[in-house]
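Encoded as structure tokens, the structure appears first; notes follow it.
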């Protein structure tokens, strides 16, 4: 067994592999299928202040090499989350870390969710979702530099827990947003959320997805995610959680070499729930075979012609 | 045979299917494989003022559901294009229309290429490439509203031929750029160019692509292209050429329903050169089966709940 | 309900049972052992095989043989995923997740009328075969548009021991008309429905008017199949969204907002 | 050069010829009729089949039988695409584009020494089999790392009529050492090389030092295979980029910037 341990966001991680927000619910269902305590942890489905109904069906469909979803951030809302979901996480996970994915319509929404959660136990910190393409105001916070700066600063004021901001891929320069997060006190970045996309049923001449458009995820976006992770890496020194299209150790290692300290597996879970364990195992095998620790691989991409 | 004719960019088109820039060279090679005069036409490889060397290999590689390329706009330059390439197009194509894809490092570059070409014969108009992710300044013009506005206005001043601007997908709101093109005198839009991406060879710990990053194309980006076409359609009344991941009539019709009048087939040509003919045929079959003309389908997407 | 099982299953046989309609048998003992009629499974090709449809597809458990560990699926070609499944060969491997969801609930002693439209036949093959050795009376009504779509009746009888009453819309085989026409509610049976939405809507109206108990199995696009993604919702009677993968796919008619 | 042909070709046979190394025969009469040694083809699965690697992959024409319209390809498993090809079954269809590129140019009467490293053997199988009925003398040197990688020598003899001189790096079969060791230039042969880059670099040095004529076949990632995408460039002697799909894959050593 190779050394995959790291200290990130102020705590020790036994594995760099997390389950991505929205693809693992609140953990419970996957606990029956895989030993969650053997991986790094999970990120919950988005939690908003009030419960959200979400979008009409169809909410998911396959796209070439991936899928599109427009769940619309359906979730039970802050109070029900604390009452019904957090206890399970607290009681059933011991080594796996939990980040709570947070959304809001307004800065105040975000702040209230974080302040409402902050004195609870059972989780490590927050992943701030400013990048959901499936609700009207979903990327409002993620694509406008000033709004983002204000939001991050406000949340920083609210909590001492790790604050990770999940970036949208849909900007000309992700480095700009990465720096804004760093300057305003974020502890880490998640890159990336889904790409806005659309599928049309040509026989009915209607969108396949009830919400008209949705977010594209899965292997199709892997090269974009690796690129954006690498670009974010060059812009900041914050730890980056690499996300997008990961379905193997080799995919995950591309993110790690590009500069990610942790990675998340999302859509691939739908294809094979065991993927999280397998990704961990394959990273382990690679490190073992190459006699390196995971820490040595983070950002270790060699660019030919670059001064070493 | 259904009615696929349209009048777009001031001329009649017998087919909505074009071959995309960079994937069909200057037409000659495909003429041996498919009857070019049966489709709408083609867009040449980018032409720059001076010849360009392009990037070191590898320049292409497969990605999940698509490919990545970083050719680096290698091309023979304006004079050699006029001397060696344009004559073939002039002499060998009669019904297929030709757009010349134009790139430059500076506004002056673009202007000189257009003014250098304008009194030549053998082509219809220009596709202005402000969206190449594979050269340092490739999306400079496409992602900055003011620079784009100035460039389009300057080119409009230079030519009365159809001026189509090829948009980058990598912006939070493509509608903004679509409107800028329209306001500054463009005749049409092409949506979309490739997404920046990166592939890493985990054994060598190096980028697979010689240029480090490249542009992702192919089926993987189909839902993004359809979405961006639809967004651009809502922002302007300019005709839109839909591009990205098309490999069947059904893919092409998604773009048409979203608002594209013409479409381009790119990467799919590498998989099967006949795809252009097949896409045309499948659109024809669909129109025949549904007793509609192509014109009736453009933008005919029905959004449930929308007032008709 | 059992925890779902993730397993690779070997294809044992695939036979064409009607036009573009296939009967697939796979070896999946753990699923065969625990599935109940109305439950489904997600069938896919995993993440390492090149060139498969990406997401797994939901299919009703169509039959089980616990002795041999066999699970039977009825598969009709629809899009890319089902077309790929129709090209499986013996010995190929499928990645299964199941059994999933809530099955039919059949009160002891009540006769059941199963109303299957098209591939909606699948869960009733399983249900009828399970009931074979019990005293319960199972009547099977099965509708298709045309004769060439009708699932091989010999195979149905072999799998279930029940002879279906077949309806075709054009009367090209069996009885002419809609499957609803054949429902006899005189002995107060439980009605079970699975099939296209228009059929389910008509069935609900029929059952409501006659005061009959009705359970329906619904179809919605699915992501995870286990309740985490919220992808598969249908509208509940109180206007909330119900997850068809865990709260369904079988619902009591009273739980849903009709027409669906 | 003929215009390339695009055609669907049926798999006639696939046999394992060494560890992870396959001999594939497909029915493609038009390509068999016009290919010359050193040319290649692009082999893929087309756009409508679900679940294949996306882009076609380049392979040297490894053999042809004009009478039966057969084309033979030597395929070594490397990544997803070649692994998929290794799972083809008789009757499957491949989409081919070929023959492509410039082949070897063999001056009449000159003996040739073919130096194949690994799958670099492929074009020489074709070359040797073509030379079978001519007076030309073809010597075939073939190197692999280990014995289990060595392409079945019986099959080589059957296909070409030539007995290769086999080298393995570990000496586990054939001669011990590098394939270069076996080159005899005493009768001023034309050297032809195909194989891994380090081998080609060593071969170029060897040929330059001895003043021998050398042609090499190079490998680069390809998009179109027909000269339009500029994807497949290698560095030419004047520092320009040469397209290996149309200006190659066979180059005179003097055309390239060494080491490659």
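Before moving on, here are some points about what is shown:
A, B, C and D are the chain letters, set down in written order, and residue numbers restart from 1 in every chain.
Simple rule for what comes next: a residue touches a chain if its C-beta (ideal position, glycine included) is under 8 Å from a C-beta of that chain, and two chains touch if they have at least 3 such contacts.
If you're wondering where the values come from, they're calculated on a predicted model, not measured in any experiment.
Listed by label, the chains touching chain C and chain D alike form an empty list.
A centroid comparison over C-alpha atoms places C as the chain most distant from chain B.
One simple way to say how far apart two chains are is to compare their mean CA positions; for chain B and chain C this gives 46 Å.
Centre-to-centre, using mean CA coordinates, chain A is 36 Å away from chain C.
Centre to centre, using the average C-alpha position, chain A and chain B are separated by 33 Å.
Counting partner chains per residue, chain D shows two or more touched chains at residues 53, 80-81.
For chain B, residues touching at least two other chains, in rising order: 65-66, 218-219. Within the complex formed with chain B, the chain A residues making contact are 63-66, 68, 139, 143, 168, 170-173, 195-200, 202, 204-207, 210, 212-213, 216, 218-224, 226-228, 230, 245, 250, 253-254, 257-258, 286, 297, 300-304.
The touching residues of chain C, when paired with chain A in their complex, are 3-4, 6, 44, 46-48, 53-56, 80-81, 95, 97, 220-234, 240-241.
Across the interface of their complex, chain C is touched by residues 22-25, 29-30, 32-33, 45, 53-54, 57-62, 65-67, 69, 71, 74, 218-219, 247-248, 268-275 of chain A.
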